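Letters A, B, C and D mark the chains in the order given here, with residues in each chain numbered from 1 onward.
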Amino acid sequence: MTQDIRGLFVVAQTPFTDAGAVDLESVDSLCDFYFRHGAAGLTVLGVAGEAAKLSMEESIDVVRRYVQRAAGKPVIAGVSNSSVAQLATLADKVMRAGAYGVMIAPPPGLRTEEDVLNYYATVFERIGDVPTVLQDFPFSTGVWMSVPTIARLVEQHPQIRAIKEEDIPSAAKITRLRAALSRHVSILTGNNGVFLMQELGRGIEGPMAGFSYPEMLSGVHRLYSAGKVQEAHDLFNLYLPLLNYENQSQWGVAVRKEGLRRRGAIRSAAMRAPGPKLTAADLQDIDLLVQRLEQSLAEAGA
Amino acid sequence: MTQDIRGLFVVAQTPFTDAGAVDLESVDSLCDFYFRHGAAGLTVLGVAGEAAKLSMEESIDVVRRYVQRAAGKPVIAGVSNSSVAQLATLADKVMRAGAYGVMIAPPPGLRTEEDVLNYYATVFERIGDVPTVLQDFPFSTGVWMSVPTIARLVEQHPQIRAIKEEDIPSAAKITRLRAALSRHVSILTGNNGVFLMQELGRGIEGPMAGFSYPEMLSGVHRLYSAGKVQEAHDLFNLYLPLLNYENQSQWGVAVRKEGLRRRGAIRSAAMRAPGPKLTAADLQDIDLLVQRLEQSLAEAGA
Amino acid sequence: MTQDIRGLFVVAQTPFTDAGAVDLESVDSLCDFYFRHGAAGLTVLGVAGEAAKLSMEESIDVVRRYVQRAAGKPVIAGVSNSSVAQLATLADKVMRAGAYGVMIAPPPGLRTEEDVLNYYATVFERIGDVPTVLQDFPFSTGVWMSVPTIARLVEQHPQIRAIKEEDIPSAAKITRLRAALSRHVSILTGNNGVFLMQELGRGIEGPMAGFSYPEMLSGVHRLYSAGKVQEAHDLFNLYLPLLNYENQSQWGVAVRKEGLRRRGAIRSAAMRAPGPKLTAADLQDIDLLVQRLEQSLAEAGA
Amino acid sequence: MTQDIRGLFVVAQTPFTDAGAVDLESVDSLCDFYFRHGAAGLTVLGVAGEAAKLSMEESIDVVRRYVQRAAGKPVIAGVSNSSVAQLATLADKVMRAGAYGVMIAPPPGLRTEEDVLNYYATVFERIGDVPTVLQDFPFSTGVWMSVPTIARLVEQHPQIRAIKEEDIPSAAKITRLRAALSRHVSILTGNNGVFLMQELGRGIEGPMAGFSYPEMLSGVHRLYSAGKVQEAHDLFNLYLPLLNYENQSQWGVAVRKEGLRRRGAIRSAAMRAPGPKLTAADLQDIDLLVQRLEQSLAEAGA
């Protein structure tokens, strides 16, 4: 991470076979799909990547495969773990496997913000100089970090090169973070991208999110960066109905994987157990949303 | 509730003055606003109505004022409370004040679903034959009710005339509820309306949500009920960017109140403390979204 | 609160009739009971006092009755509320009713410690110069306050005259608080008193807890203050089996009320719904524990 | 598990070196210590065994070492995991390593009890006929299982041979479970043993808990089983002050490990990060409690 993390970093899915095994061949096709649709980099083994359901060997296999296929493009690996020892081992292994950096969220169970500061001090002492994305996702972790606490973490730990900000409301927090940080770090945003337009307005470097149509996320970022704000909004809004439908926590991941399967990016939409399964009625909802999306795209292109 | 609850039941805001007092005059103007924009009824004292910040006297004053102004149209009053005694007192008072029925969510702290069944048994024994909306909003209450548990509640308690379903994914749960319920009850949906299109597809009776442009919610319901599915989607999508922006928990309520203030429905956008405050940058986000909405409406109308 | 809060402040129960009404006559007998058994003061309307199940009128009635009966001895009133407006109203009314001060825990839903600081700033601006006990009870509120945050609250708000500390482990936090606080405030402890011996070792001013045998809590404090550490432990240990049995969250409150009823302090052991009910087997457990306690006391006295 | 699980099953610690590595030699000495002090069996890789901080290889190494050293005595291995695939792999490996059975708690994130039923159906389909302890520990998992749900699990899955019951109040739930279960399964209890006397009174088969003096847990069970109820209480009460002090969640585990270190059972009291560390003042608390315990034992023995 010698320069800013900038542009679309896709939160990559982990493909499984219908039987629940990691599908490494689909990693290849999915990786190609992401970069073909405008990704600047990938973030693998995130919450939406079902990281908690992988063994350490599987985790490393997935990272290695993504790194190989990415052929030099940056792949950030989530290494959050309730054990610092496990986290450090995983961080070491993914960096050896060629990862560009790691992403670390505070583990559930941390309580006060003093605990948060102590936790990251311990972590960074253990992992050393590994480029790190600090993930602020309190609705998933249950750990709340205020702007002053994040600012102190950034000040104390030069390893932090970027923040993935997905507190709500994200836009207001980004503005406050920019004012409070003692040095520049990239800020990218998640929440499945649903607040991307406002976040771009606050000066983020890009989205770090998953979507079955990543070309929207990259396209919106490109337009916005080129000063074409209204065009960026127009593009975003075309996809918003489907994006919104995917924004339903782990169930939304099932929708996204189905979308990726339909587009040929992966062979199976299966999530590993325990995980949701789509019904026939759910698939019809997707049919309708995709049909309308394609029609809108056709009209917009005309 | 001699007939189904059907159509848009707006989750009504509680207007406050800038100093934090309940603003009963704004109740009048807001009530008019809601019905002028297509409401079939109102649901007051919900989570978005800041019910937990009102004293019992204030609660009753607000219900009474809404009921008077609604002039015969149905006003449902949220009476959820951690004390059954308090709940029963409030239910009695709002029914005497003319409410059409009450809405009851399980209180935070209930644990097993057996506890849920026992809780509602106690409640209905106390309040007697009061028409009730059962609210299933686990992300707010922390209490999870499975489909079989809800079905048993409906079976055991004839007072339950409607369900407000806002679990996620809502659509799948609605389909399962319809199959499991032993008698017909209306199902209305919340989550700020963001999944309304899919919920309508599963046969709900209408939205029970708040939005600064309630004419969208009523309009979508009307179109959908008339079989104009694509037109309903088109209308929904015009407003979705703003609807999505309002869908940010309590902070989103501040956005909604600002929208209502701008449209002249209330005099102050203030929320009672502790509550969020919008910044200048936030207001600019609203400016842009509203500007784009108005342009879209103009284009669509042309 | 012109001087330190010191000694046993009993967390007082709210007595109800079997039908669930507030039993003000039992307030009198219970108040007498507490002071007869060594209380230096009372804390009413706490979590164990079922405060959340009372209306504001009932709350004020209970405080007024306790104050009248206490005849000049200090009565602190819990006024924690999800609404600052409600909190301020209640604080004003209980102070007018003669309360010695109020106790305020952060409301569930506060997230970052910055939110905590802002919350108390708002509260103290509203309530003015009211002597206040800051309650740190994260397992009940879900709000975590680190030592630096508590220290800053104490520094910024002269109203804070005491801290009720019931984080776990309490002893270690007390030691750190003493080192971090910029001025002396009393520290009293809760958790039903089960860690009282270690907390006394860290220099607290006394217990703020409930127990069906408050004479143990006051006796232990008196012995410890007189330098009779081993005797204090001896006394504590005699009662520990029963104390431990009462230390079971809201269910333990039912045990405590049963104990108070048996000792003639209140007329009914009823808790207001939703609340636990003891079974015959539970009552037999109490029988055995009390029988053994009385025997131990007889032997110790011999 | 051809017969009932009965007697003391110690929840075994995982020993670490000061540097944080698994200390397999201390597994040997600790295993000997447990059986020398009356254990009928062990439960390894539980919450107090810091299971979440071990890699899968470490987990299997620890189980294998315990099994080898136990020389035929039963060793149950905790295999709870957020991934069914991981759980199944771990269950397979520990059973091959000679474990007597596995213990499975529902993973955090399960919501309704219907989800719980579906989860265990999936798990048992995957792992097949592996003897299983069902762990009901809602304060740790956040998943609440009512008595009817547990009864249905026991009815549907013959693999369930025992229940570890540590809901609160445990005694009341045990009585209800006994009445509701369609077949006999052993019920053992945790919560660090603090409610053991009442649980024995409800007919449990024994404690499944950790304590630095396991001879108390085994001794109490033996006395109680022999009908010596008062003697069992007497023995329990001698140790209760220290037992109570250890009953402080993860921090209490640090106290327990210090006690085991002092007794020569393990070489280091270190917990793996993130974990608590004892201060000098904490160690003095232990000194005093142990000193008093030894004196009481001497007096009782005289």
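Simple rule for what comes next: a residue touches a chain if its C-beta (ideal position, glycine included) is under 8 Å from a C-beta of that chain, and two chains touch if they have at least 3 such contacts.
If you're wondering where the values come from, they're calculated on a predicted model, not measured in any experiment.
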item: Copy pair chain B, chain C: interface residue numbering same or different (half cut); value: same
item: Between A-D and B-D, the pair with more C-beta contacts; value: A-D
item: Mean-CA-position distance for chain D and chain C (Å); value: 32
item: Euclidean distance of C-alpha centroids - chain A vs chain D, Å; value: 38
item: Between chain B and chain D, centroid-to-centroid distance (C-alpha), Å; value: 46
item: Touching two or more other chains - residues of chain D; value: 115
item: Arrangement of touching chains [line / ring / star / complete / other]; value: complete
item: Parts of chain D lying in touch with chain A, wherever the complex brings them together; value: 20, 52-56, 82-86, 89, 107-108, 110, 115, 118-119, 122, 126, 272-274
item: Residues of chain A that touch chain C when the two form their complex; value: 111-115, 138, 144-149
item: Of all residues in chain A, those that touch chain B in their complex; value: 168-169, 171-172, 175, 194-195, 197-198, 201-202, 230, 233, 236-237, 240-241, 244-245, 248-249, 251-252, 276, 279, 281-282, 284-285, 288, 292
